[in-house]
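Can you keep this structure in mind? I'll have questions shortly.
Order as written gives the chain letters A, B, C and D; numbering starts at 1 within each chain.
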C-alpha cells in the first residue's frame, strides 16, 4: 500500500509531505521533485505571486546516496519570505485580523460551519490550492518510479474559457517537447494565442477563466485495477483522484459524455492480434479502461476545471458574524490555472497508477518490481497460456 | 466506518452482501430492499431476461424485530432457476464449455490476462452487471437510514441515444411521483417517447444505446466531506462511487464541463442569508459541493453511460487460444439500461453520503445520530457562534 | 489487500463470510473448509451442544471447477435446526422474551449501553463465540493458500486450568499426527489426562477452565511485515488478530514475558551461515520476529485464554431495567474451549500471514505467487547480492 | 479516522510527523509535545547519548493561536548536531562506509534481505528506536485531546531484569506525582534501588536489561471498540499498538496469562449498581475490556520489554558480503530503556483510545466532542432506557 499525508497552510512556514510504501532502490534526487514543482508554477495567467516564489523541495528522510531505501520519504517545501510577507508581516499563528466574509466557490462557509471556526483563515489557509504543491511533490516521486517501468503520464490543455484546441499530440516524446515550451501546455499554438488574449482580457476585467485538460498514461499493461469489487476499479480511483483537485468539476474517460450518444456498434473497441504487438485495438473510445481495468491501450481522461473563484471584483456574500450582506474578501490570485491543474492531475493520476502497480506486483525492491512488470508485459502481450 | 463486500456470479446460486458499520435502531424490512431491487430491474429496453426474474432479498443477519442491531447485516439474493437455466442447465462450476473469445467493451481480455484464466467465464461471470444488484441492496439500507435524516436521493434520466430531455423536475416529492411511473425514469414524456422509439429501432438492428442521467441529493447539511486531505473530498468520493458503475464513462458536478467555459463572475454561487433559511444561494452552478464539502445546496451530479457492449451483432475479436480472428461471443442482453444505471447510482451515492454522515456524527445508535444531525442542521443554518 | 467480512448471529439462520482479494488459481473445495470447521468443534470439554451440530460450509461464489477465480469468495454455514430449537422454538427475530440481566465477562452490559438496546439478545447473539466459525472458514482458505507456499500453521495446547504440558512437539508433520488425535490438542498425554480430570471436576461444580496455547508458523521466509511504520509490523498485526479472539487475554512472542528477565547477551539469537541452510540461528528466543519482520526462523506465539464466562452457577449481576441485583442469565455452554481457541488462532494467524504474502509478492495469479515466493526464498537463503 | 505517518532516520536531519483527522479546537502548544518528548528521554539506564540531546518539537501546520484547526498537524524534531556527529561527521546520505554485519535482535538481516540493500545502514537507521520519538510527539497531541475528555493514561514500570516492584499506585494523580520524580517510573522505591544496581552491573558487563511495565487508562466510558467484527475490538487494537513498539514481546490485559489458570467463577468481574456510580465492579480481572469493548472500569495492560539488543560485547553474526563469521557491529546504546518504553506505550495506547473516541462520537469540533462524550457518560452510568 502506497499512502501519503501532507500538511501545511498557504502562508505558514512550510508544506510537508510523508510518502510511505515505496520500494527500495528507486533513483531519486531533489531535482526530480523541483522539476515538477516548477512545472506546476508555470503557465500564462498565473498571478504576480508566482513570479516571486519558486518552490524548492528538500528531502529529509527515505533516500540515501540517491536511492529510496524503503523507509518513509519526507519532503518539505519552505514557503519563502515573500510569500509569508503577503500576509502583512503578521505572525501566521496570530489571530489579530479575523476574516469573516466567506468567498463563494471556496470552502469558507461550509468549512467554518463544519469545524466551528470564527476566523475563516482557519479554513482558507488549508483549503487553498497551495496544498497541491504537496501532491505534485509526491507525484514527482511516483512519476520517477513509473518511468523505470516505461510508463509515462502527460497532461495537456484542451480548452480555456471555451476556446478549444483543434489539435493534440499523441506521441509522448513529441508532446513533451511541444508542451513544455508552450505557455499554456497546449499543442495548438494558434488556439493558444487566442487563449492568452482571453486571459489578458479577463484579467483587465477582474475576472477569471477555466478550461479542460486531458491526462494520458502511455504504455500501461492490461489488468491494472479490477472488476471484482467497486473500490478496486481503476477508473473509479482515477476519477476520485482527479476530481479531488480543487476546481475540477468533471472527469471523463475516452469519448466520455459523447460516448453516451453513440450506438453500441460504434462505441466499443474491436480486438485484434498480431505477433508483434500482441492484442491491440484500432480505436480507443474506452480511453484505455474496460471493466475497471487498464486494457493495454493508452489511458485517456479529460477533466473540466472551473474558473478560479478568487475574484478581484468579488461576488455577493454575507458577513459571518453580523449576517449583513458584504462583498467576499479579495485576495491576490491568478486569472487562469488550467495548465497547473493539468500538472497536478498528472501527479494524482501517477499516484493511483503507481499504487495499482504496487498492488499487483512485488513491491519491496524496485529492481524486483521492474523485472516482474517486464515479465508480465511479455506474457500479456502474447496472451496467457496455462498449458 | 461503513463498509460492504459482495460476492456472487451472474449465473451462480446467489448474490451475497455483508454491510458492516450501521448504527443500531434503523427500522428495516426486506421489503425496503426488494422495492429498490425492483426499481433496478425496470425500464424500457431491458431484455427478456428481466421479465423472467424478479430479485428477492432475504436478510439473514443484523436485523431483529424490524430494526438493525449494530451487527453486520447479511443480505442474499438467490438467482432463480430460469436464470440459472439460461446457462444451458450446466452446473455452474463445471468447466465443460470454455468461452475463449473476449468481447470488446468488457473485462474479458484484460481480466483473463490479469488472473491468468483460460476460460473467460471466470471473468465475465463476476464482471457482469449482475453484481450491481448487490450495490442496490446495500444502497437500499443506506437510503432508509438517510430518509430518517431527512435526506433523499434521486436518479433521473436526462438523455438516451443522444435524445435529450428538455425538462427535469426539481422537487423530490413531485419527481418521485412522475419518475417512478415513467418507463424510462425521464421527466420529459415527449422526449421519452422518442427515446423508446430509438430503443425499438436499435433492438431491431441488434444494437444498443447509452445515455446520461443525473443524481440529486436533497437536504444535505453543509460540511460533509472535507478539504483537509484529498481522499476525504466528498466530490472525489462520489465521483469514484459513480464511475465505478459498469458502463459509466463520465461524471460531473453542477455545470460540470460547461462550467469550464464560464467566466469566474458567472460561474460561482453568491452567498445570501435570511433569518428563515439561514445561508442560501440563488444559483447552484457548483452542484452543491465547494472545496470537497457539501455546501448546503442540493447536490447535483451527472453521469454518462456508454451503450451496452454486449451486442447481438458482435464486434471483431480474436480467439484467446488460437489467436485467430473471430466474432465476440453473443449473450442475451439488454438494449438500454440507463434507467437502471440511475438507480444503481442512487445507491452508490447513498453509500458515500451515508458514510460521510457516519464519519461526522455519533454513530452507534440511530436515534442518537438523528438527534446529532438535527442539532447540527439548526446550528449551521443560522451560523455558528462561539461566543 | 486481503479482507473479509462476516455476519450471522448465534441462533440465526446462518453464518455468512465474504473473502475478497484472493489470487486466482488456488485449488479449493468445501471439504477444505469443513475439515477446519470440524477441528474447531472438537475438544474435550465442549458442551453437549457441540454433539448435536456439525458445521458444513457451502461455497456460493468465487470458485469454479475447484479453483478460486480471483472473484470474492462467499461461504455460508447454515445453523442446523437443533441449534435453532435451543432458543425454545421462538422465531429468532421476535422480541417476546427480553434478556435483561447482563453476564459478567461478556459484552452484554457495555454492548447494550453502546448500541442502546433494551434486549441483551441483540448484543449476545453476535458477541457469541459462534462468530469464530466464520474466522475458521476464512482461515481454512488461507491455510490452503499457504500450504502451496510451503508454509504451515499449528496450534497446540500448553496448559489448561494451570496444568502445564511438559512436552511439546516441534516438527509440523509429527505434531499434526499426535495433536489431531489428542482430545485436547496437547502433546503431553500424561498432562492431558490430568487436564481432562480437571475439566470433569469443573463441570461437576458448574465451573469453567481456561488455558494457554501456542501458535507456530513453519517455514516463513524472512522479511514479511516491516519496521518502516508501526502498523506494518508483523508482530503487532498477529497480536491484534489473536487478541481479537473472544477469551484471549494475553499474547507473547518467543520467550515473551520471561524474555523481560533475561540479560541482553542471553536474550537474542546469534546469526550463523552455512551453504546449505543459508543464514540460520541456534536459538529462537525472539519467536521468529525481529523488528516487526519474520526473520526466517519458526514463528512462535503463545496466548492466554480465560475461563469461559458463561457459568452454570452464575455470578452476581444487576437487572438492566429495574437495576435490582440478580443472577446473570444461564445459557448452556462449554466447560473448556482452549483446543478450539487454538484452532481459531491458527486461522487468524493464517489470515495475517496470508495478507503479508500478498502485500509483498505478485498477487493476481496463484501460480505466479508461488513462483515469486520460491525465487525470493532462494535468494534470501543465500543472501542478496546486487553486484 | 485519525491517522499519522512519520519519517526520519536515526542520524538524519530530522523526524517528521503528520497527524490527520483531529477535531478543530483542541488547545495545543509545542510545550505539550516537548513535555512528553522529555519524559521519553529520561530514565536511569539511558546511555550518554541521551544526555547530549534534548528533543524539541516544532509545529509547522495545523495549529493557529494555540488551537488545532482541523487541518493536518505537522510536527518536526530536528536531530541536533551532536547526534549527527556521532556518525563520524559523515554526510548521512553518503555511502562511504558500509555496515555489513547484521546485529542479532535487530531488523538488520531480514530488512536487508527484504529491501535488497547491501548497506545495513539503510535498514538500521529507520528500524532504530529513534522512530519512537515520532510516536510520542503524536501521542502527546492525543493525550491533550483525551485530557479534555477527562481520560488519563499512565505508564508504570513493574519489573526490570527480573526484579519486581511489590507496590503499584492506583490513583492517577498520586501516581503521576510519584512516578514522574522516580528515575525508573517505578512506584516501589526500594525495588527501584535494586533495579538501578542491576542496571549498573549490567553496564559494567557490557550487557543490557529488559522488564515489564503497565499501561492504565483511567475513566474510559463503556462501549469503546466493538465485538461486531474482529478488527474493531479495542483489546486487539491496543495489543497491536503496544506490540508494535520495538522491543515489546508480550502484551496482556488484566490478569492476563495468570487468568488462564483461574476457574470461571474466580475469573470474572461481577456487576453491581448504585445510584451514584451507576454500574460498577468490585474486581477488575478483565483489565477493563470485555468482548472487545471498554467496560467502564480502568483499562489495564501489561507489556514485556526485551533486553536491548545493541550490546557492547556483541553476539556472533555473519558478514553480509563474505558470509564469514564476525561479531555484530557495536553502536553506542542504552543499558535499559523500560521507563522510556512505558512512555511510548502511553502514546500508542492514547492513539488507539483517541481513535476509538473519534470513531464513536462527533468529531469535527472539539467542544462538540466534549459535549457528546459527557452526555454519553451520563446516560451510560445510569443505564440506557428507551422508553
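Criterion: a residue touches a chain if its C-beta (ideal position, glycine included) is under 8 Å from a C-beta of that chain, and two chains touch if they have at least 3 such contacts.
These numbers were taken from a predicted model, which means no experiment stands behind them.
Participant: Compare the CA centroid of chain B with every other chain's and tell me the farthest one.
Facilitator: D
Participant: Write down the chain pair with more C-beta contact pairs when A-D is set against A-B.
Facilitator: Counting C-beta pairs in contact, A-B comes out ahead.
Participant: Express in whole angstrom the distance between the two chain centres, defined as the mean CA positions of chain A and chain D.
Facilitator: That pair's centroid distance is 38 Å.
Participant: What whole-Å value do you get for the distance between chain A and chain C if each is reduced to the mean of its CA atoms?
Facilitator: 44
Participant: So what's the Cα centroid distance for chain A and chain B, whole Å?
Facilitator: 26
Participant: For chain A, give me the residues that contact two or more of the other chains.
Facilitator: Residues 5-6, 20, 70-72, 114-116, 123, 126, 223, 226, 228-229, 360, 364, 367, 386.
Participant: Report the residues of chain C in contact with chain B in the complex, numbered from low to high.
Facilitator: These residues of chain C touch chain B: 3-9, 12-16, 18, 20, 23-25, 60-66, 69-74, 76, 92-95, 114-117, 119, 121-123, 125-126, 364-365, 367-368.
Participant: Considering only the defined contacts, which chain A positions touch chain B in the complex?
Facilitator: Of all residues in chain A, those touching chain B are 5-6, 102, 104-107, 109-116, 118, 123, 126-127, 135, 159, 161-162, 202, 207-212, 222-223, 226-231, 233, 235-237, 239-241, 243-246, 249-265, 267-273, 279, 281, 286-287, 290-296, 304-309, 311, 313, 315-318, 320-321, 323, 325, 328, 348, 360, 379-380, 383-387.
Participant: Which part of chain B faces chain D closely enough to touch in the complex?
Facilitator: Answer in residue numbers: 1, 20, 70-72, 223, 226, 228-229, 359-364, 367, 372, 376, 386.
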